[in-house]
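First chain A sits with chain B, and in the next complex the same chain sits with chain C.
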Partner chain A sequence: MALTVTAPAIGAGERRAGAGFSLGPALVIPATLLVLAFLGAPMALLFRYSLNRYSPREFMIDAVTAENYIRFFTDPYFIGVLGTTVQVAAFCTVVATLAAFPVAYLLARSQSRWKSALVIAVVFPLMVGNVVRAAGWMALLGNDGAVNAVLRWTGIVSEPVRLMYTPFAVILGIVAVVLPYMILTLQSVIESIGRDVEEAAANLGAGPMVVFRRVLLPLSLPGIIAGGTLVFILCMNAYATPVLLGGPQFKMMAPALYDQFARTTNWPFGAALAFILMASTLILTLIGTTLLARRMHHRRIDAAAR
Partner chain B sequence: MIGSRINRRALLAGAAAALAAPHVARAQSGGRVIVGTWGGDYQDLLKLNIADPLMAPKGIETLYDVGVAPPRKTKLLAERTSRRGSMDVACLSDIDMFEMSQLNLFEEPTEANVPNMKHVIKALAKPYALPHIYSGKVILYNPDKMTPAPRSYNDLWDPKWRGRIGFADGLYMQVIESAAMINGGSPTNFEPAKAKLMELKKLEPRVYPSNEALAAALKSEEVYATIMWLARGYMWKKGGLNLTHAVPEEGATPIIFDKAVPRNAPNKANGWAWMNAMLDPKAQLGFADRMGYVPTVTNAEIPAEIAREISFTPEQQEKFIQPNYEYIAQNNSQLLEWWTREFKG
Partner chain C sequence: MSELVLTSLRKTYGPTVAVDDVSLTVREGELVALLGPSGCGKTTTLRMVAGFIEPTAGQIVIGGRDVTHLPPHRRDTGMVFQSYALFPHMTVAQNVAFGLEMRNVPKAEAEKRVADALSLVRLGHLGERYPRQLSGGQQQRVALARALVVNPGVFLLDEPLSNLDAKLRLEVRVEIRELQRRLGLTTVFVTHDQEEALTLADRLVVMANGVVQQVGTPEELYESPANLFVAGFIGRSNVLAGRLVSPGRFESRGGLAVSVPADGRAAGPAALALRPERLTLAEPGAPVAPCMNSATGKLVLVTYLGATSEYRVDLRGDEVLTATLPTPPASDPLRRLAAGDPVTLTWPADACRLLAPDGAHDQGG
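Right after this comes the complex of A and B.
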């Protein structure tokens, strides 16, 4: 994506320089070929599979049919799975944004010599795989886990509370996974907002809440859009966390499509699920960013009018 | 920054190792054999009883492609049209192996390739694979909590055990089969299981994502009973779980863990050598002793005290419910879907 964007710029530069032959555009060829070979081709193949028919005996029968897609949209169970996925993803994105903002602000405004250590502390969880982190949550949330041990020891409960294999565990796990992405994105945007802007607002009599609502929040909206998009996409496609912390009863799209491929060996339907997940992620992300961007635009116009 | 530097280093180290690996393998005189298998204890025992004592002296190096069964099946399917597959030996349960064999994925074993094949128990033999070990499906329960002791699968439906019956998600077909057997079903008709399991659902049974998670729940006494392989019960007992088994009145269902050589195995000769080694009496006894699986050959005699724990009496064998692989393969998708949506949902 980034390369296709930069290509015309390089090309334009060459034209301005008046050179006859330009190597610039050719530079995108290797990356384009790679993307075509390793992303485009498998996706095309997968899309072709999604139009096939499943047979327990012959595995996959060549066909051109939309029945896998029709089955999805006419089946309340799978609509429910998609619904759960969207709800969990949206909720986690909101929670991650709320939790990340104060940390990002603190990091952005920090003058401390510990700042880089703090940034590393935020990044550090990314170095541990999702599965390992889920295993950590399992040790904390299980019936014999640390949380239940504390609850029982303090006498708050006598029987262990079921925390594992619940939507709560999944949301907690996913938020923990995506939080660093949100913090880092917001931090870089907040850093670009001059401290003097906030001071000017305060000088003109705005209290901290007003400064936040009228100055900081609108100016950091691009960061919220970027971070929210990134996090929402990650949440929609979460696999390890829902499988390990949600247990067999909890179904989101990525585990459901894995089940179709690996457990039922129904590749055509699995492929259809993959494309539906991709399309719904794309559409929802576009809707979300458009709405937020429009809001940002309105605010700018309002501000200009004043 | 630090992260990217570490990653780059790790990447370089990994690439170097990947480049070096084929040379290491080539240095072995007998080449290598790639075994697609489960990990954990099973893999340890393959190494201890087959790879180290029987394959290594021939100069054959064993490499393991470790994972649970579903991805292995997916891999076999994905590679079915390629000339060179990634496994010389594939390990699957009898049910999965049949399902894969329908697509004609495996070479037929012959006595010329696998001399030890002549000792295989006739009832366990099949044309597309060889049986490695077997056990039977029984009720495992906590004897201190479950009184009176369960004798039939039906006893697990007692409202007294509300919330105390647990299942492993991977054994959905076995749970469905058990429910079918107590509700007028048969090996070729699991449909009656659905109504029976919906009855059980009202008693809030627990479904765990893995055998290990189920074991943890049995250990912490979150649940008291399950339906499971006798061999696994034996292992769990050895691991300190307070468990006893009951062979259900309806009859135990045998489970055979098979191995087969895919048609596109990169090194078939070594695949057959491995298949022959796994039928060696010594290798078979190793699995009985530590994992509680019964040998599949007639020339491996297990000590009486272990036999009592892991094998079935002739009367119990008489009552074995023989699975109908054809029916299961035809209905797997439909039953799994029902299990996921209706029973677990």
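Right after this comes the complex of A and C.
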């Protein structure tokens, strides 16, 4: 999972007159070297592995072959794993966006002195590791868990309902993990939309729903795109949550490729899975953001034509 | 256009009173300015009229309709925001058309009205631009057009000129006034700039600490301020603390005896307000007409302002009067006065305005 953080260029235009040398560009050198050494190099190596041939006895045989990739796209099992991954990731992204927007709006518009406490409350789950959180979900969702206990105690069900090791549990777990990222991204974008713009729309006769649809939503679209991208990438690469809450029957890409490396020691195929996961994440993210951005653009053109 | 009536409007935030018992009638086609220092409650009052703030008590009636508890989008007010609040994702024409769209005005008619509104503010050629492509003054005019195009019952302006540079401010000020007159708009205008208020408004409402201090025409406020706050806020005033010893006779704390108009006020502590331009300056020993008040002191500062000059005169210790005079010609001996010179100030009795002393509540006018 690679997150690139783009920092605003600092120091541009601050060059002192007469000084031909600026420290600005030099500042990115350490980070660049680090990325090259610890991300670029292993990935190049991994890509090379994915072209190798696997042999159960000799582990890995040097070759240049596409057979690992061909195997993936001809095996219905792995196509299914990729399908599940994409579906879960897309669904979680949509759910997270819908759930995050009202909270982000509330946070962004809050004048309360509790605001910073609220922000900390949103960030707090990030301090708890995914595994710990999954364990918490187990305690809640298991057959002897809290939810079933309440359901049985109130007499709604007589037999425990199976909640653990279902897609529902995985989706719930992943959404809970990614929600803070979505909330914080949306919050900062909504904060940059002046309250007065909403007020102006209301003043011109727009009810709350119309203000949302015509003003708030289009202006928050950049935030939805940014947050959606971030969250989708996190969902596509989720590991601990699907393993712990989905159980052995529920396979997503990250656990599947870990299995290849750790259990079957089929490094070439594992490497191929890694690149397929990365490529599909990249391609789907690009398609999604382009569609959303174009939609934003279209709406402008449509409105202009009217 | 409709009449706007505020009755005993009040807004409190916990123990803080932001607006206290504001009653005001803005007649059809009248421009009323709410004027006061920041935090005086003028913007809160305006936002209550627009519906963005729910009043704690009181009533708001626009054109005979009680709108006190209606949401903003059902109030039929047209507001121009301090920040303009244009929709950045819409073109100028779409911004202006928004209110018409909300009112389901047929497309052909809406297009015509948008074009009319834009040409009214001389932006007819910029309809396809986005707000960020316009200058501050142009954005301001788009905001005006957007608020006006729907023919609102009441036109509300929240410090609309404060983000413009000085020259532009003057231009837009004249423009707003002309539009308002031509279209007969019932208008409430919030500003902290007294010059802006004096030049624009039919009537002014001076507010301080959430309370209306005085309502009146610019002339009424300047000539007959109701209290020390108004006397100091509208134009400048010299203020002498002291007491009214008998009708028509005021004595300052420093011992200066002044004859003042007998206005029926009972003897007792009082403050005397004097406009600097009503004072005249003479060299000591010059003859003083018997009907004039006079005071002798030491010149502490002369400020040359071009057309006028300002003279700061120290009477006795802590009493200081400032006189503003048309700058005398170069040959005049007054031009040779310098700090430290003894001078005499004279002024007629009717230039004096007696007010309640500082701290006392005086709700005259």
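FYI, the second predicted complex is superposed on the first by the 272 of 306 C-alpha atoms of A that agree within 3 Å, B and C clash if a C-alpha of one lies under 4 Å from a C-alpha of the other, contacts with A are read in each partner's own complex, and residues count from 1 in each chain.
Definition applied: contacts are C-beta pairs under 8 Å (C-beta built on N, C-alpha and C of every residue); 3 or more make two chains touch, one makes a residue touch a chain.
In this text, all values refer to a predicted model and were calculated from it rather than measured experimentally.
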| item | value |
| --- | --- |
| Partners on chain A (chain B, chain C) - clash or fit | fit |
| Touching partner for A:Leu98 - first (chain B), second (chain C), both, neither | neither |
| First (chain B), second (chain C), both or neither touched by A:Val210 | second |
| First (chain B), second (chain C), both or neither touched by A:Pro218 | second |
| First (chain B), second (chain C), both or neither touched by A:Thr265 | first |
| Partner chain(s) touched by A:Val150 [first = chain B, second = chain C, both, neither] | neither |
| Partner chain in contact with A:Val123 - chain B first, chain C second, else both or neither | first |
| Partner chain(s) touched by A:Leu291 [first = chain B, second = chain C, both, neither] | neither |
| First (chain B), second (chain C), both or neither touched by A:Ala200 | second |
| Most chain A residues touched (candidates chain B, chain C) | B |
| Partner chain in contact with A:Ala63 - chain B first, chain C second, else both or neither | neither |
| Overlay on shared chain A, then closest C-alpha pair between chain B and chain C (Å) | 31 |
| Contact residues common to both interfaces of chain A (with chain B and with chain C) | none |
| Touching residues (chain side chain B, partner chain A) in the complex | 2-3, 6, 70-71, 73-74, 77, 99, 102-103, 169, 207-209, 216-217, 220, 222, 329-333, 336-337, 340-341, 344-345 |
| Chain A residues within the chain C interface of the complex | 194, 196-197, 199-207, 210, 214-215, 218-219, 296, 300, 303-304, 306 |
| Contact footprint of chain A on chain C as seen in their complex | 50-52, 71-75, 77-79, 81-83, 85-91, 93-94, 98-99, 102-103, 107, 128, 146-147, 150 |
| For the chain A and chain B complex, residues of the former touching the latter | 54, 56-59, 77, 120, 123, 126-127, 142-144, 160, 165, 243-244, 247-249, 251, 259, 261-267 |
